[in-house]
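In what comes next, chain A is part of two complexes: it sits with chain B in the first one and with chain C in the second one.
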Partner chain A sequence: MKKILIILFFVIPSFLMAEDYQKLLELADSLVNYPDHDFSGQYTITQNKPGQGQTVSVAAIFRRDSQDTYVIVIQEPSINKGQGYLKQGRTLWFYDPESKRFNSTSSTDRFQNSNARNSDFTQSTLAMDYDVISGEEVKLGSYDCWLLELEANNTEVTYPKMKIWISKDGLVRMTEDYSLSGQHLRSTYIPDYYNIGGTFVPKRLLFEDQLRGATINGKFQKERTLIDISSPSFKDLPNSVFSKSFLESVNR
Partner chain B sequence: MRLWHLFSLAFRYFFLHLRHYLFLFAALSFGFAVISTLTSVQEGMEQNLYSVSQAHYSGDIIMVGESNRRYKVIYNADEILSILENSSMEYEKTILRTQLNGGTLHYNGTALDMKYVFGVDWQEERDIFESMSYTSRTDDPYTPGSIMISSPVAEQLQARVGDLLTLEVRTLEGQVNTMSLVVSALVEDRSLFGYFKCYISRDDLNNLAQFPADAVSNIGLYLNSNQESGAVREELYGLLSSEMDVAPLFEDRKGLYRARWDKWQGTRLFLVPLSVYLSEVDLLLKAISMVSYCLYALMVLIITVSVAVTFRLVLHEREREIGTMRAIAFHQSEIVVQLMFETLILFIFSLGFGLVLSRFVVTLASFVDYSFIPSFEIFLENGKLTAVYTVSSFLANAGIVFLAVLPAVLFPVIMAAKRPLAGLLSGGSK
Partner chain C sequence: MKKKLLSGIFVLCVLLPVISQESDDLLEADDLSSLFDVSEEENDDLPSIEDLFNKDSDTEEDGEESQDSGLSVLESLTSKTGYTFELRYAFVGGLSPGWGETPWNSGETPPDDGDGYSKGYTTVYGADIGSKAILDLQLTRNFRVKQSYAFRFPDFDPSISEFWGSYNLNNIMYMRMGLQNIKWGLGRNYSYTNVLTRLPADAEKGGDSFSFLMDIPMGLGGVQLLALARSGFSSGGLDDMTASDVGYGIKYNYASEFADLNIGSFFHQDMPLRTVASVTRTLWDRTEVYAEGLWAVDYENFADHTYSFSFGFFDSFFDDKLYFNTEYYWNGEETIYYVDDDESLIILEKAPFIYGHNIAWNLVYRPIKGNSLNLFCRGMYNINENTAKVVPGVRYKPMKEITLFLSVPMALGDRDGTYYRNNYDDKNRPFSITFGVRFDGSYKQASYK
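Entry: the complex of A and B
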């Protein structure tokens, strides 16, 4: 099915209608969602705050899209070691090993004070959450892309407006996130993907905040967060991973 | 008539023996000055706290729209105002505010999270804003598209009046929204209440947070100075509860929490007296009162002892004179009355001078920078320590000092008047 959709978008590049754009979003979602497998990987999150230096966090991610759940365990730095996130449907729990307590948090909140949001770690639901307002064919670096303007059709999403660049292979290469009033808040770049048997996993995600940064030597430098994803795996995970007791046991 | 003669005699003798009374005068004046300063500063601090809280929470009684929405919201503010206007209830004024608990200010790459974002009717609250102290402001800071921030916030953002900030908030539905606003004023407020908050026009905030145009978060009721908030709140409850869903009245913060745990549909109006919000700093106030009372008691004790000792010396030096008065047929009781009159004159002069001294001390204290005491700013008025002198506290202080001084003076006077004439005239100690 994915291959048919890809061919479809290769063959008729310039005449897509609104419903086709929506299908394009479905394709983009399907390429990076894993309803038939569990997913695990190690994420190295490098946060660069101009003038304040760089901080590096390492997290293990476990995703089960079939149940709309994920678990994130922070491994580094040592001060945050053992902190964890558990998404169960619409509820996102944050576990703090210091207090040994779970508190609910929002998927729209910043992840570990970086430029990534908690929602960046879950499955992609672009086609479900957004309506395509307009689309055009553009060039993004060496990629021929579809540039789609999206507006959220519900209030649960992190950003109510987006621009999204989808390359002709159906992969999202760049997004721009906007506020309701149209203020550009963040850009996301996804230059490379792992291709594991026709299923794609981003190799790197670069988030660039449009509002946060600092002026260094007269030049405004934006805050950036780079996420390097390594050791991607689609091996089945035990059910116990997606539970509060797992996060508690990690710290014992 | 006899008393009047004794009083005029005492008046002349007081000035005749002014040298003897000088130390006593100094001790009493100083003691009364300390006591007056303590009580007036404490009252000033409490009044400042109340005024700051009143401006922050928007009144003496705050009608808050509680619902399961992200923010507090009252959709029928017009209906509530109409009920109030058509009733016989007395109050000074009402103000409408939209309030968000959270938001982020962005300027030149720096982001600062706000604890409160207030949407206010500039014109309705103009008197409140005019009474604030500003580091800098435009000629007319009350324009749409403008934002007032506190000086510490401006320092952190490195923003000045005229700079364009971006305010990022979550809408009532939870979506992220932003607005560009020009800094129109920097409020000199470093208190707990002022630090992480900003003011914009209510229309702007309703638009930004996607509130309906006529919706508010709370309606503040300012009472006249002689009104008691408990009685007005009950009257208000009686007026509104028949027309809409109003939470049962509560007296403290625990009561407020209990009322919030209740389940209801839509919006429920909570009538919150300012005292409930102030209970957060109640412990601090009690601690200040305790310290103040201890110092007060200590000062009264010092006054009593110093007066007792000094007055004995004064009487000792005047033994021959008392003896002479007795010898020229002054009755013992007349001598007691005359000496007590002298003491009363001394007391009145000491009160007057003590009050002047107290004012001087408070004026000096108002120039001290108290920023080194954490959270103390909420007790200051525009960063300065102020004192409130009331007739009632003056009379109470004077009464307490008088009662403390009376036995310290009366007993030595009676003893001196009763002593044998020969002993008095010979200048002996017995």
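Entry: the complex of A and C
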């Protein structure tokens, strides 16, 4: 089905109607969502705060899109080791091994104080959460892309407005995230993907905060976070992985 | 063949450094901007999209290779053996001038003396040194041991705070046995639902617990079964423990996106049977609301029972600069006592909190985003006795290892109220000003293979 959709978009002329743009979003979602498989991967998160240096975190991610749930276990740095996240629907718990408590946190919050948000680790719901306001064909580097302007149709999303670049193969290559007033808050770059049997996993995600940073030598340098994803797998995971008990047991 | 080998070596020698350099550049965040050369049309600070997206092929067919790595992430998380060793140190010093009366009651006669109640002006100098050594060993894929030793000065009080072994039965069941800290309940302000810490009235002290715990995942939550003995349960400690010294508990957690529900019971023959329930839910993706309840019943006389309940919420405002929590608590548990033949008052069980209507609040304000400076105010008020304890203060971490704090613990309300005598101050002074400094740090080393 995904392949048919991709072929359709290859042959579609450069003008698209609003309903086609919505289908394009559905295609973009479907390529990076895994309703038929569990997903696991290791995320290396490098955070650069200008003037404060780099911090590196390593996290194990387990996703089960069919149940809208994910589990994240922090492996590095040692100070945060054993911390974890468990998401179910719109509820997200954060586990702190020091206090041995689960506290609810928000999907829109920053992940480990980086420029990534907790919502960046879940399945993509662009078509469900956003309406396409306009679209045009543009060049992004060597890619022919559709540039879509999106507005959220509910208040539960992290960003109420977005610009999104989707290449002709249906993959999201770049996004710009905006506040309701139109303030540019963040840019996200996804230059490359793994292609595992027609299902795609981002290889690298680069987030650039448009507001946070520091002025160094008279120049404002923005905070950036690079996420490298390794060891992607769609093999089934034990049910117990998606439980509080699992987070409590792996907090070494 | 030789030609192919040479060309292979050439590819390795030429391409590998390029690939590894690219990776290094991305990881070296200082160099990130240099990776994205700026085109004239772009803002100077934006990465050059051209460079980032100019590769011809960026979606590799990884197919089977990645599938083969399969459960490696899960396995690397759960099957490696090794150790974590951690040392923690904290040095605290300060002084606290205080008064046996609050300034607004200074002209009045103090209430009758009680133990530890200080009259007049006193200055307390305090020093505390604490250290903790933690050894966490993953001995086999399924068996893990954790030991935690604490040592404090000036009490010279070495203690073992944790010493347990756990067994993971193929992620179907998690078992843990030994000296461990198990918490029940939400307990932001009133930890009355943490019934595992309750002791019979004749217990000499609340000693260390020895327990066997079994967690069985069910959905996101699961069932917890436990058997718990505490040295305070029996007069002779754990050495001559009998079956009657053991308490038994069961707790079920149902976690879903709609609510997080816990219900559990703990039975020990020398105490009432206590059943607790709690529910939390996050509203509007930001406000955590919660409610708890406790039902305590004399299992030999079910007509003799009490109940307590509480509810509250936690939220943050102004872009997470202000955190606020408040809670209402009805405490139906009273200290149980009787007068014996000698007309002595015998306390059977002491209530952990003041009977009646209680209100608590916590407020933390961080005026500067990203700065450790925070202003706080926490307090507890009992309506029945018209007694309150409040502590406003400020805390600041000028360095990662140094914390400075200033607080003004005070008791408010009726002067014969419980909090006037039993408040945040060690000497139970109803008004004091505390300055303190804390140095703390830790060292952690881990190796897993």
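Worth pointing out:
We adopt the following convention: the second predicted complex is superposed on the first by the 250 of 252 C-alpha atoms of A that agree within 3 Å, B and C clash if a C-alpha of one lies under 4 Å from a C-alpha of the other, contacts with A are read in each partner's own complex, and residues count from 1 in each chain.
Operating definition for what follows: a residue touches a chain if its C-beta (ideal position, glycine included) is under 8 Å from a C-beta of that chain, and two chains touch if they have at least 3 such contacts.
In this text the structure is predicted, and so the values were computed from the model without any measurement.
Considered on the superposed chain A, chain B and chain C are sterically incompatible, since they clash. Counting the residues of chain A that each partner touches, chain B and chain C differ, and the larger count belongs to C. By the touch criterion stated above, A:F220 is placed in contact with chain B and with chain C alike. In the overlay built on the shared chain, the residue A:E156 is in contact with chain B and with chain C.
In the superposition on chain A, contact of A:N103 is made with chain C only, not with chain B.
Touch criterion met: A:L206 reaches chain C, while chain B stays clear of it. In the overlay built on the shared chain, the residue A:P35 is in contact with neither chain B nor chain C.
Only one of the stretches 41-49, 59-67, 95-103 or 167-175 in chain C has C-alpha atoms clashing with chain B after the fit on chain A, and that stretch is 95-103. On chain A, the patch touched by chain B and the patch touched by chain C overlap at residues 108, 156, 220-222. Taken together, the chain A residues at the contact with chain B in this complex read 50, 108, 152, 155-160, 179-181, 183, 185, 211-215, 220-223. Residue ranges on chain C touching chain A, taken from their complex, read 23, 26-30, 32-33, 44-47, 49-56, 58-63, 66-67, 69-74, 76-78, 84, 136, 138, 144, 146, 166, 168, 170-172, 174, 181, 183, 215-222, 253, 255-258, 260, 280, 282, 285-286, 288, 442, 444-446. Considering their complex, residues 40-42, 46-48, 54, 56, 60-62, 68-69, 73, 75, 78-79, 81, 86, 88-91, 93, 100-104, 106-108, 140-143, 156, 169, 171, 173-174, 187, 189, 191-197, 200, 203-204, 206, 208, 219-222, 224, 226, 228, 231-235, 237-246, 248-250, 252 of chain A touch chain C. Against chain A, the residues of chain B that register as touching in their complex are 106, 108-111, 166, 168, 170-171, 173-180, 208, 210.
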